[in-house]
Each structure stands twice: as structure tokens, then as C-alpha cells.
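Note that chain A is present in both complexes that follow, paired respectively with chain B and with chain C.
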Partner chain A sequence: MSTIRKYTGLLSCYFKVNLAAALEYRTSFLVQAFGMTISNASFVFFWWVAFVQIGGRIGGYDFRDVLFIWSVSSSAFGLATIIFGNLNRITAIIVTGELDTYLLQPKDVLLSLLAARTSLTAWGDLFYGVILLVLSQGRDPHAWLMYLLGVITGSLLFTAIAVSAHSCTFFFGDTTMFSSLALEFVINFCIYPIGIYPLLVRFIMYSLIPAAFIVHLPLAIARSLNYGLVLLVLAGTLGYCLFAYWFFYKGLKRYESGNLIITRM
Partner chain B sequence: MSIIASNLHKEYHTRIKDEGLRASLKALVNPVYRKIIAVDDLSFTVEPGEIVAFIGPNGAGKSTTIKMLTGILHPTSGDMRVLNMDPTTRREELALHIGTVFGQRSQLWMHLPPLDSFSLLARIYELDNKSYRMRLAELSELFELQDLLKTPVRKLSLGQRIRCEIAASLLHSPKVIFLDEPTIGLDVIVKQRIRELIALLNREEKTTVFLTSHDAGDVELLAKRALVIDHGRIVIDDAVTSLRKRYLNRKVIEVTLNDTQSPLCLHLPQGAYAETPEAGKLRCIADTRQISVSDLVKYLVETLSFNDLTVSDPPMEDIIAAIFRGEEYQK
Partner chain C sequence: MKSIVKYSGIARQSLLNAIQYPANIISRLLMYSLFISVFFCLWGAIYQGGEVHGYSLVQMIWYLCFTELIVFCCRTTVYTQMNDDVKSGAIAYLLVRPCHYIIFQFFQSLGELCVNLVAFGSYAIVLALTYVGVLEGFSFYNMPYILISFILGITLNFFMLISLGLTAFIWEENTGFYFVYQKLIFMLGMFIPLEFLPVWLQSIARMLPFSYVAWAPARLAVAYSSEFRDQVLPLQFLWVFASVWLAVFCYSRAVLHIQGQGG
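Moving on, here comes the complex of A and B:
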């Protein structure tokens, strides 16, 4: 318990320092956050056009459902990169030898390196999700509850996917491209109705690509009120996180460091 | 013992490839790897409170050794203990008791004042607020940081930043500190200040200092003992004073001439040669295996008219350069 308290305190301290560093450039912060919101909004506009044209439901989802999965995906990804801002930079941290800095600290390497940065644009993602939810779900308490579940477990799952993909760098060399593709791949499966996919793909979305755990299961719970499925979401999240953690440390044993000149931003 | 290294060995496998696209395609299908031995059967010990200089040419294995001792890298074979802990298996615990400064790497947030980084590091090193405040006050006074603490790191000069870096690595009062090129890129005055601070730290807090540097001044003015590493092996483990006295058996004789006679016309005896001659000055190097200092001085007295003559040991940087060139070590 004291370890959890220690790490929660450390993460909150990292969060404050990162935010303070980000706020050194206030205008950039606002422009980037606003830019991300606008960029996201354009996608929803295309969905609205699609529903107006086709009408009714697409893949079993109505427009309100699509807005829910967009809202959870956006906020979950935003939250992940606000708290673990280095999740897209793990490969760079490994190949430049920046990992040394975290290995010299008396704390968990993975957690420290993930939390040592925040993303400015991620605030746009986070708030965009909230705005979508307010607009689409109103005061539906089940939707809000499942939004919270999806955002928390989803942010952990996005992080776990990034960690797993970037950890391949320890084994195969620079995997920046592969890792960003892996994340985009998962996001793509999060923002389309699950019903449009054949059964085999749906199975993959419950296993290899955990998109179902991030958005589709929380939506199903909010609509069916079958709260027993929450356990499945939690179990899936835990399994993925444990795998990512194990895989990172497995790779860390092969770490070879480097001697580039590094500064922390 | 603060540090024990026994038969440490570290090897890498690195991919090699010839020049050009054809070779790149070939390497894609049939990669060729070469084994590189970074550290080869390295053994040494460091006593508590010692300042040891760990010197060697680029690629000798200095950084790899430090990285193994601090738990960053795992050795291929061999044993090591730092403060009686194995850095490979007890990295987190060891990190609470050691400090590290890598001259080319920063642990401070560039866009924030050092105070913010210090406060985060205090949390990382689990210092309570009272101990942190006390330690910060001590270090601020010692390193004269009062005016720097609230300035963003990116606006500090390199010397100011290194002072903050060293202070940051000392916040948790480590028993052993590893300094990898701490004075790299600094001007003479700042280098001197940093050396004074490291010496003071060692004197006041009995901190064991393990230092790598290419700067002969760091070795000469700080360390009592030098470990010279080359091709991953210790080639010399000796007191710095002994290095100076024993290595090369050379003496430097500097003469200030009392007229403008050209020293170039001198025909120095066997075993002596003139170096960097300039108008009115002469610097002779004597190889005492071939000519004694008294014989050379006698020759100079008979040949030249001068105001002043001093005999000294060669500067440490000449000694280090000679060691790196692989010249014979005279025990």
C-alpha cells in the first residue's frame, strides 16, 4: 500500500513539474490544444454527414453511440499522453541512451520514463472527449460512468500498447514507425462501430488489438446495464498492462545504452 | 570497500556493413555481426572516502564500467559490489546511496528553474520536506546557487548548470559519487571552482569520488589515485604522485634567457631535447635514463646566459598522453 501511495505521489509530482514546463510556453499550449480539438471535430462532422446520408444505424451503432466511442477514445488517448507523455518517445529514449537517466533513479524505470513528460495537444484530446460526451449523452449517468471507466482503462491500454510496441526496439532496433502504426491501428479500431467487422476481426479486437476493452465494451455496458462486464474490462486491462511491463523489462536486460548529448525538456 | 570489481567483462555484438546500397541490401538478408569487448577482465577496489581518477582514451571502456557500476548495464560476466550491493540485482536500492553526474547528460528540466527539478528529485529520492529544505540550504551555500535557483535552466551558463547538476546529484547525500567528465566544456576558472567543490565534498562528507576525465587538471588536482584503462583493461593502478614521479623518468627544465640569443642553435646532449622554443625562453625535456638533470643543467649553465632556471616534473597531461600512446611504464 505504501508503494502505491509513494508512486501516486511521485506521479502527481511529475505531473506538476511537466505541466509547469509546458506552461512556460502558454501560447503554444493553447494553440496546440485548440488545434487538436478542431482536428478531431472534423472527423465527427464526416460521421454526421454519413448518418444523415445513410440514416438509422451503421454496424449496430447510432450516431449517439459513435459519438460515445469517439469521446472515450479521444479522452483516453489524451489522458494517457498527459500523464505518460513519453509514450510516443520510448524508442527515442532507448536508442539515444536517455534511458540511463531513469536507470540511475531509485524508482521503477518504466513508470519514471513514461511520466517524465506531458503532451500539450493531449489536453485538446481530453476536453474534446468531454465536450462530445456532454453533447451526445446529456445527463445519462450510465454513459458517464462507462465513459470514466473507458477513459481510465483505455488510457492504461493505450500506454500498454505503446510500451509493448516500443519495447521491440530492445530486440530489433529502432521501431518508432512500427510503434506509431500500432497505436494508430488500435485507434482506428476504436472509432468505428464493432458491428462492421467480421467475427474473426471482432475476436482480434478482444485479444491482440484491445479496442473492444477501450470503447466497445464500456458502450455495451452503458446500453445494456450489464455491469458484470466491468470485470472483463478490468481483467483485459490488467492482462495487457502486465504483459507490457514484463515485455519492457525482458527487453531492458538487452539495453546497451549510448553516449549522445541529452537534455530534458 | 566502497567499490569492488572482480573480473568484470562486457561484450557487445554490433552489426557491421560495407559502404553503399548493395552492401545495405546484403546486410538486410545476411547480417554480419562483430563482437566488441568493451571491458575485459577488469578488477579493482576503491576505499571509502577515496577520490579515484578513472582515465583512458576514448573507447577504452570508462563509461561502460561506470554504467555497470551504477546498474545501467549488466556485465556479461564477473562480479561487482558498490556499497556492498550488486548493482545488477539491487539497482533501485543502490540508487538511493549513489550520485551520478554525466557531463553530457542533464537531469534538470531545461525550461524550469533548478528549484523545480530539485523538488522533484527530493520526491524521487524519498526525502522528507524538512531534510530536503536543510540539504538544499547547505548545497545552495556551498555551490553558491542562491541566485540561480529561480532562473530557468536553459538561461544558465554551462558552468552554472554544471554546479546545479552536481548539487542535484548530491541532494540525497550519496556515499559514492560517479562523475563522468564533470568539467567538460568549462572555462579554466569554472573548472577550478568545480574541482574545489568536489574536493570540499570529499573532505567534509567523506564522499567516495569515482571520476573519469580527459582533463589532466581534474586528475592532478583532485585524485590521489589513478586507474588507467585501455582496451577494456586496467593498465596502471597507482598513486597520482607516483605516476608523476615514475612515469617516463622525465624532467622539464625551463630557462629564461637574459638576451635574445636563439635557443635553436643549441646542440643539446643525447637524451635531451628542446620543446616549444620561443624568443627569450627555452623548455628542455630530459630523459633521465639517458642524461641526469645535473648534467643537463651543467651543460646549460656552461652554454647559455640566463636569468632563471626551473626544474619540474612533466605536466600530468603529458604523462596521460604518453600512457595513451602506450609508452613504457617505469615502476
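Moving on, here comes the complex of A and C:
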């Protein structure tokens, strides 16, 4: 219990420092966050045209369902990159030898590495998800509950997927492209109705690339009120996070220091 | 003559750079395949047969392959490059070179554009053929016009990005403009043909340059007609001239904001 408290304290400390650094350049922060919100809104326009002009359901989802998966994906990804802003830079940190700095720190290497940076545009993603949910689901308590579940588990899953993909660098060398592709795959599988994909892809979405656990299962629970599925979401998230953690440390044993001297300010 | 040699040298160097990193091209080919596969699944689910707003499923997939080719594959790093040049101060070194900054940027990107157009263009055709087969009614006699339309679309996009990049001279934080521009391109033709939009929006979109980047060339390729060709090609030429003028105008204004501080 004290370990959990210790690491929660560490994460909140990183969060405060990162936020203070971001607010130092307030205009930049606001422009980037607002720009990201506008950017995401264009996709709603696409779906609005698709549903209004074509009508009916697409892949078993109606317009509200699509907005729900968009709001969860957007907020979950936003939250992941706000707290764990280095999740897209792990390979670069390993390859350049910057990892040495984190190895010397007294706390968990992976956690320190992930939380040492934040993303400014991610705030736009996070708020966009909230706005979309308010507009599309109103006061539906089931939708809000499942949104919260999806955002928390989803942010952990996005991070776990990034960690797993980037950890391949320890074994195969620079995997920047592979890692960005892996995240791109998950995001793409999250923002379109699951029903449009063939069975094989749906199987992948429940296993290798767990997009179904991030958005599609929470949506299914909100609509069917089958809360037993929450356990499945939690088990899937825990399993994937543990695997990512184990895989990172397995790879870390192969890391060789380049004796890089850097200053973190 | 000297200028031709000078700028063609820059273009050649950019071409060699683009070929030097095949892994970069391969990763973008994979990304392109992902987008097209997702859209294929999506539009396959939407189309229950027949046509929507004059487009069959086959035409729609070819349309998306072409719009993604123009916007995603034939994009260059000119916007981020110019932003970096201004913010890092590297602009000071570029401005003293014996060449015009805008023309330098154009030829610097030309090699990369050519490689992208050839590599992704061939791949787009292979991908579309694999997914939906041959495009009905397509004739090779129309190819020169379609190719001109594609080149005009890519050029228009390029000079619009240059103008946006130049705003970094005035407003240091200009990412917001880029986001808005990018989404206008997405909404007005890249993801969905203009014909799918509400009528009032279609008429506005036809008056703006954004839909002439992706919609006009892709529509010409998938549903060729001489009437449409005569309608869009002059407009594309017009918008390209306007975008070049805008880039040169922005540049002449932007350089006034430079402050050099030794070093």
C-alpha cells in the first residue's frame, strides 16, 4: 500500500512540474490545445456527413455510438500523453543513450522515464473527449461511467502498447517506425465501428492490439448494461500492462550504456 | 542558365536524400495501406450496393486512394522545416545564400515530391486494383489531363503550406493555422467527395482553394468528363497562381520581421 502511495506521489510531482513548465509558455500551450480540439472536431463532421447523407447504422453503430468511441479514444490518448508524455519517445531515449539518466534514479525506471515529460496538445485531446461526451450522451449515467472506465483503462493500454512496441528496440535496434505504426493501428481500430472489420481483425482487436478493450467493450457495456464485462476490461488491461512492464525490463537487461552525459533541468 | 543549374542541383540533392532513406518510404507505405484498408472496410459497410451521390464503391475506393496519395503521400516537410528555420535561427544562414528563399524551398522539396509521387502513385494503383479491381470507364487517353490536375493539386498544397510556414516569421506559435488548414483539406474533399456535403456547403467549397487540392484531381480520375475537366483545370491553374503570389507576398512581408543578433 505504501508503495502505491509513494508512486502516486511521484507521478503527481512529475505532473505538477510538467504542467508548470507547460504554463510557462501559456500562449503556445493554449494554441496547441485549441488547435488539437479543432483538429479532432473535423472528424465529427466527417461522421455527421456519413450518417446524415447516407443514413442508418454503420457497422452496427449509430451516430451517438461513434461519438462515444471518439470521446473515449480521444480522452484516453490525451490522458496517457499528459501523464506519460515520453511514451512516444522511448526508442529515441534508448538509442541516444539518454536512458542512463533514468537508470540512476532511485524510483522505478519505466515510470520515471514515462512521466518525465508531458504533451501540450494532449490537453486538447482530453477536453475534446469531455465536450463530445457532454454533447452526445447528455446525462446518461451508464455512458459517463463507461467513459470513465474507458479513459482510465484506455490510457493505461495506450501506454502499455507503446512501451511494448518501443521495448523491441532493446532486441532489434531502432524501432521508431514500428512503434508509431503500432500506435497508429490501435488509434485507427478505436475510432471506427468494430462491425466494419472482418472477423480476423476483430480477433486481433481483442488480443494483440487491444482496441476493443479501450472503446468497444465500454460502449457495449453502456448500451447493454452488462456490467459483468467490466471484469473482462480490467483483466485485459492488467494483463497487457503486466506484459509491457515485464517486456521492458527483459529488454533493459540487454541495454548497454553509451556513457552519455546530459543535464536535466 | 546559371539559375537553372543552381536550382536543379538543389532538386537533385533533395532527390538523392529522399532515396537514401528507404525505411522512411516503407513505413509510410505501411501507414498508407492501413488508412486505405480501414476506409475499404468502412465504405464497404456503408455501401450496400448501388451508388451514393454518383459514386460506386469501386470509384469511392479509387477516389480515396488518390486523395490520400495527394495529401498524405505527396506532402513534404516544408512547413515544419520553415518553422524550425525561423525558430532555431537557421533562417539567417539561408537568407544570405545566393538564391531566393521561396524558390530554394520549392526545389528543395521537388526531389522528395517526385520520389513520393512515383513510389506512392504506383502503390496506390496496386492497392486499389487489389481491393476493388479495375476502374470502369477509365481511359489512358485522359491520363495527361489527370496527371496535370494531380500536379496542380500537389503544387497548390505545397505553396499553401509555404505561406503557412512563413507565418512563423510574424507569429512564433503558428501550429493552430496549420491544424485548421489541414482539416479544411480533410473535410473538403480528402475523406469524402464534395458531392456528399450539404448543397450550401458544396457551393462555398467550390469557391475556395481547398477542394482543388484533392477533390478536383481525384474526381477527374474516377469520373472523367471533358465538361468537368474544362471546369476544374482552369480553376486549379488560377489557385496555383494565387498561392504562389500569396507565398511571395507573405515572404516579402515576413522578412521585414527578422531580427538578427550576431552569433
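As a convention for this text, the second predicted complex is superposed on the first by the 258 of 265 C-alpha atoms of A that agree within 3 Å, B and C clash if a C-alpha of one lies under 4 Å from a C-alpha of the other, contacts with A are read in each partner's own complex, and residues count from 1 in each chain.
Simple rule for what comes next: contacts are C-beta pairs under 8 Å (C-beta built on N, C-alpha and C of every residue); 3 or more make two chains touch, one makes a residue touch a chain.
Remember, predicted model here, so these are calculated numbers, not experimental data.
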In the overlay, answer first, second, both or neither for which of chain B and chain C A:Tyr255 touches.
first
Check the residue A:Ala20 against both partner chains and state whether it touches chain B (first), chain C (second), both, or neither.
first
After lining up the shared chain so the two structures overlap, which partner does A:Phe185 touch, if you call chain B first and chain C second: first, second, both or neither?
second
Give one of first, second, both or neither to describe whether A:Leu10 is in contact with chain B, with chain C, with both, or with none.
first
With both complexes superposed on chain A, which partner does A:Leu103 reach: first (chain B), second (chain C), both or neither?
first
After superposition on chain A, the chain A residues reached by both chain B and chain C are none
Taking the touch rule as given, give the residues of chain C at its contact with chain A in the complex, in rising order.
23-24, 26-27, 30-31, 34-35, 38, 41-42, 44-46, 52-53, 173, 175-176, 178-180, 182-183, 186-187, 191-192, 196-198
Which part of chain B faces chain A closely enough to touch in the complex?
12, 63-64, 67, 70-74, 91-96, 100, 102, 104-112, 116-117, 119-120, 123-126, 152
Chain B partner, complex, touching residues on chain A are 6, 9-10, 13-14, 17, 20-21, 24-25, 98-101, 103-108, 112, 253, 255-257, 259-265
Contact residues on chain A for chain C in the complex?
27-28, 31-32, 34-36, 38-39, 41-42, 45-46, 49-50, 52-54, 58-59, 177, 180-181, 184-185, 188, 192-193, 195-198, 201
